[in-house]
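Take a look at the following structure, please.
Per-chain residue numbering starts at 1, and chain names A, B, C, D, E, F and G are given in the order in which the chains are listed.
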């Protein structure tokens, strides 16, 4: 029997300590949030709460738990992304956007940024393409992010941005189509699988890449 | 099918008329307490009918199809409540859902007109939902006690075990507070406090106002009906009438003698009540 | 089996130490220090995922941590640059 | 799949839509709430926004606060997504799926108000966002506690269990807190009420609608998990 | 003969390395030192993954590790520059 | 009563709400220490003991759930197998590249099963497909919001 | 069926109130100042309360008709202009109550 009927005793034995650790981590994080006054610091501390949440989920130790960790991860990522943007928007409004008026000369001579990006990015995208799905998307997205971040070209044409965002929207629909095929025509499950896997892959990779574009706007100003 | 339709219509009309008269009675009692003659008992009903023959005007600033549809929605959900409650004896949770929708509609009737008073009322409606939902949620205690949320089953449970008001007095008290917050001029009626004119109804004229008022009277009837049914059990129509009049009179006494609370205080007081009610009831059952 | 326990408890220790370090560690009033400190519980979390053989989740988590770090650091730098007083 | 126990809660089971392990089920309660969410979503999709007229200081003119076209589009899009997510959360028969719906609602709610310009509203949206992030711990953590204790997270299975372990009770309370945080109800709606001061009433409706309906649904789930004494 | 030597294997060494890295990250207060110690922490972690015999995971982790280090370095340098400039403008204000 | 009123007013301030929520959540979490926490070992989708597959030199470790391509189904203990007619087939599927990798090395099981046809794919796309719909929708919405705010408000485009 | 009857009663109450209001506005031009008892109203009130509370006494008509009529008459007096009709209502109720007690308790 390659798959047991019940959860292995090791996992059962580890469950209680894992949950206790999760609770402790969560409590420390929440304590930090409760005493912290600074809005940005609270945002950073919510990361700890997210980690605690993932410990709770993965402690169940089944394949189901693993597949439930992934949504949790994505939710964390998505919310940090959106909320940090809201925070910056609020501060820019409050400060009256004075930042943009001061020109910022910046010289960043890092050897690694000139030589390695292409190799690393290609490697990551290759690995991501092989893996596909969420994991592959995230990995390949990391590659694209890194590449985009280290290139020196500046400015995102709004059209290109919307184009990429649109492409990922389309791939999301592709994904939905795959999902429907699974339930309407289960005999074509292979097609559905590929639609789903690559739809999500393209989507996640592009999104992560666009994060890199935002990042470059911050860090690579000439 | 036709019989069902007739039954629904009958109950809705009854709910509307009784609710309106009870509102009128409340004003009358309040007036007598405050040493005024007060309006006739059917004043509220006459008001409602009056609005149907008045001209309907729509503010220029309103969010258009929405502003009209929201009033129709309010009538619709309370008609649905009558169907679920007296006609079918359905699920109490469904009435809870309807009450939640009522809060939403109340909120948006206010803000869709573009009037600053409506807006304020809208903000307060959102705020007060935080208190009124927990108060309504004390009804879940009934499930923990009786094992059912079905109104018919709750009635038959009470016919065996006696009225729930004896075994769950805290829950009944909390639900009473909820009803109180729906009474006109009550200390918790922050969404319609006179400091914001007529609250969410400020910019509704003519037909729309008529619909709003009809729904409000049905809502009042339904809340009292739920209270009587759930906590006292099946009553004859006369019993319901006496119970409703008595409850309304008590509400009127409270409303006439207490000031309107500040929104924050109103919410927090209700939330505190709800907390005490839920925790206390659960402790009492266990 | 011993290794599993070592990974697991090492991960747990890193998570708790990292959390404490992030909340009350030296110099955490500086947001960038705090952001870098969150990497420690993240690695601890990775070890726990490794214990349960959740390797695909682990891969995703490693990749997502990079993204989260990037987003957080961006916010930190950005706010510092505009001189926001939070 | 015997689910007669639903009769005690939301009424008799009317039907199911199976999507693999995730089964959507319909009782009168779920159906009513789902239909209400969809109806309101439709209304929002076809409505304009209202405009607020404010008096200007120092002159006799009025100032009209309106929602800009660009802002209007994105907010309407997000509002429709939120309405659909609410409708989904009303009928889903899987606890984890429900929590994900709630997360979607939370993030979209933040988005609806993130597109406005008032600093106070943005501040409230940010605080709400923080709560939503913190809430992911009780939300997913509670669901996983229930999974660990009961061995299933399908509500159609949970309703048939005859017992409630303390772990499940704790899990359900955690999920409740998570839902309250994610939908902005907790504590006391204060962050949300601030967000409602901005114009754009149809979109604000969906924020409020989603949170209240989700809370009602959450109470149903609480009752499914916690059996009567 | 030396049972203590049995403990010296890739797992324990990696754990020790990771702990040193973690302690370094938490205790050192200069961000740039933290970035270096982060390398140590990641190294320990990759060692653990190798001990678990999941080489592909170790590979991806090894590739993504420099990515996050670089991101940190960029942020740290940028922040340093901002702070220096602010200091300078403050001093100028004082002089003026 | 007056100080009570002041406390109530203070509680309505949005800035304090996250901290208040954190405190409340902490109190509920502490209950977790007091009640017995144990894993019910009858779970859906169980997996083999950690490291058992890799120690057995299984090239597909740790995600081998049995089954051969197009012939035999993998073992997947889903909640409602009756609603997933092709259950187990996805897990048994290996893409040609994956088969190549499998023959070459022992230690690439994770990569093989992250490419189309793994167990996680089975769960994420098939038996619990709707989770992934939501998951990717959440990501998409967050990204839409972030990029909209960034493009319109916070990105420094004027300097270009 | 019983609900139809109650609807009938409520309707008769509403219509009676409206009629009473309209009539009293015609009859009294001033707000309530003089505290004298209106004979017509008194008669209506006594009749109405007796009809409504003691319908079994009137065996020849079905009880719902007598109650409907009774409620209509009660409402006419009760629904008069603010202040008017109070003494009449109380008197009528007292008479009917005494009659009711006589009928049910003593007999």
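To be clear about the criterion, a residue touches a chain if its C-beta (ideal position, glycine included) is under 8 Å from a C-beta of that chain, and two chains touch if they have at least 3 such contacts.
Keep in mind that this is a model prediction, so the values were computed, not measured.
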item: Where chain A and chain B overlap in contact partners, by chain label; value: D, F
Remaining chains grouped by touching, chain B not included: A, C, D, E, F | G
item: Reference chain B; chain at largest CA-centroid distance; value: E
item: Innermost chain, taking as reference the mean of every protein Cα atom displayed; value: D
item: Chain separated most widely from chain G, comparing mean CA positions; value: E
item: C-F or D-F - the one linked by more C-beta pairs in contact; value: D-F
item: Distance between the centres, which are taken as Cα means, of chain D and chain A, whole angstrom; value: 23
item: Euclidean distance of C-alpha centroids - chain A vs chain E, Å; value: 20
item: Distance between chain centroids, defined by C-alpha means - chain B, chain F (Å); value: 43
item: Distance from chain F to chain A - Cα centre to Cα centre, in angstrom; value: 12
item: Multi-partner residues of chain B (at least 2 other chains); value: 127, 267-268
item: Residues of chain C engaged with two or more neighbouring chains; value: 1, 3-4, 44, 51-52, 55-56, 59, 63, 66, 70, 74, 76-78, 81, 83
item: Touching two or more other chains - residues of chain F; value: 11-12, 18, 22, 25, 29, 32, 37-39, 42-44, 47, 50-51, 62, 84, 109-111, 114, 120, 126, 128-131, 134-135, 137-138, 141-142, 144-145, 149, 154
item: Every chain pair meeting the contact rule; value: A-C, A-D, A-E, A-F, B-D, B-F, B-G, C-E, C-F, D-F, E-F
item: Residue numbers on chain C that touch chain E, as the complex places them; value: 3, 6-7, 10, 13-14, 17-18, 21, 25-27, 30, 32-33, 36-37, 39-40, 43-44, 46-47, 50, 55, 58-59, 62-63, 65-66, 69-70, 73-74, 76-77, 80-81, 83
item: Touching residues (chain side chain B, partner chain F) in the complex; value: 127, 262, 264-265, 267-269
item: Chain E - residues contacting chain F, complex; value: 52-57
item: Of all residues in chain A, those that touch chain F in their complex; value: 2-12, 15-16, 19-20, 23, 26-27, 30-31, 33-36, 42, 59-64, 66-68, 70-71, 74-75, 77-79, 81-82, 84-86, 88-89, 92-93, 99-100, 103, 127, 130-136, 154-156, 158, 161, 165, 168-169, 172, 175-176, 178-179, 182-183, 186-187, 189-190, 192-194, 196-198, 200, 203-204, 207, 210, 214, 217, 221
item: Partner chain F, residues of chain C touching it in the complex; value: 1, 3-4, 51-53, 55-56, 59, 78
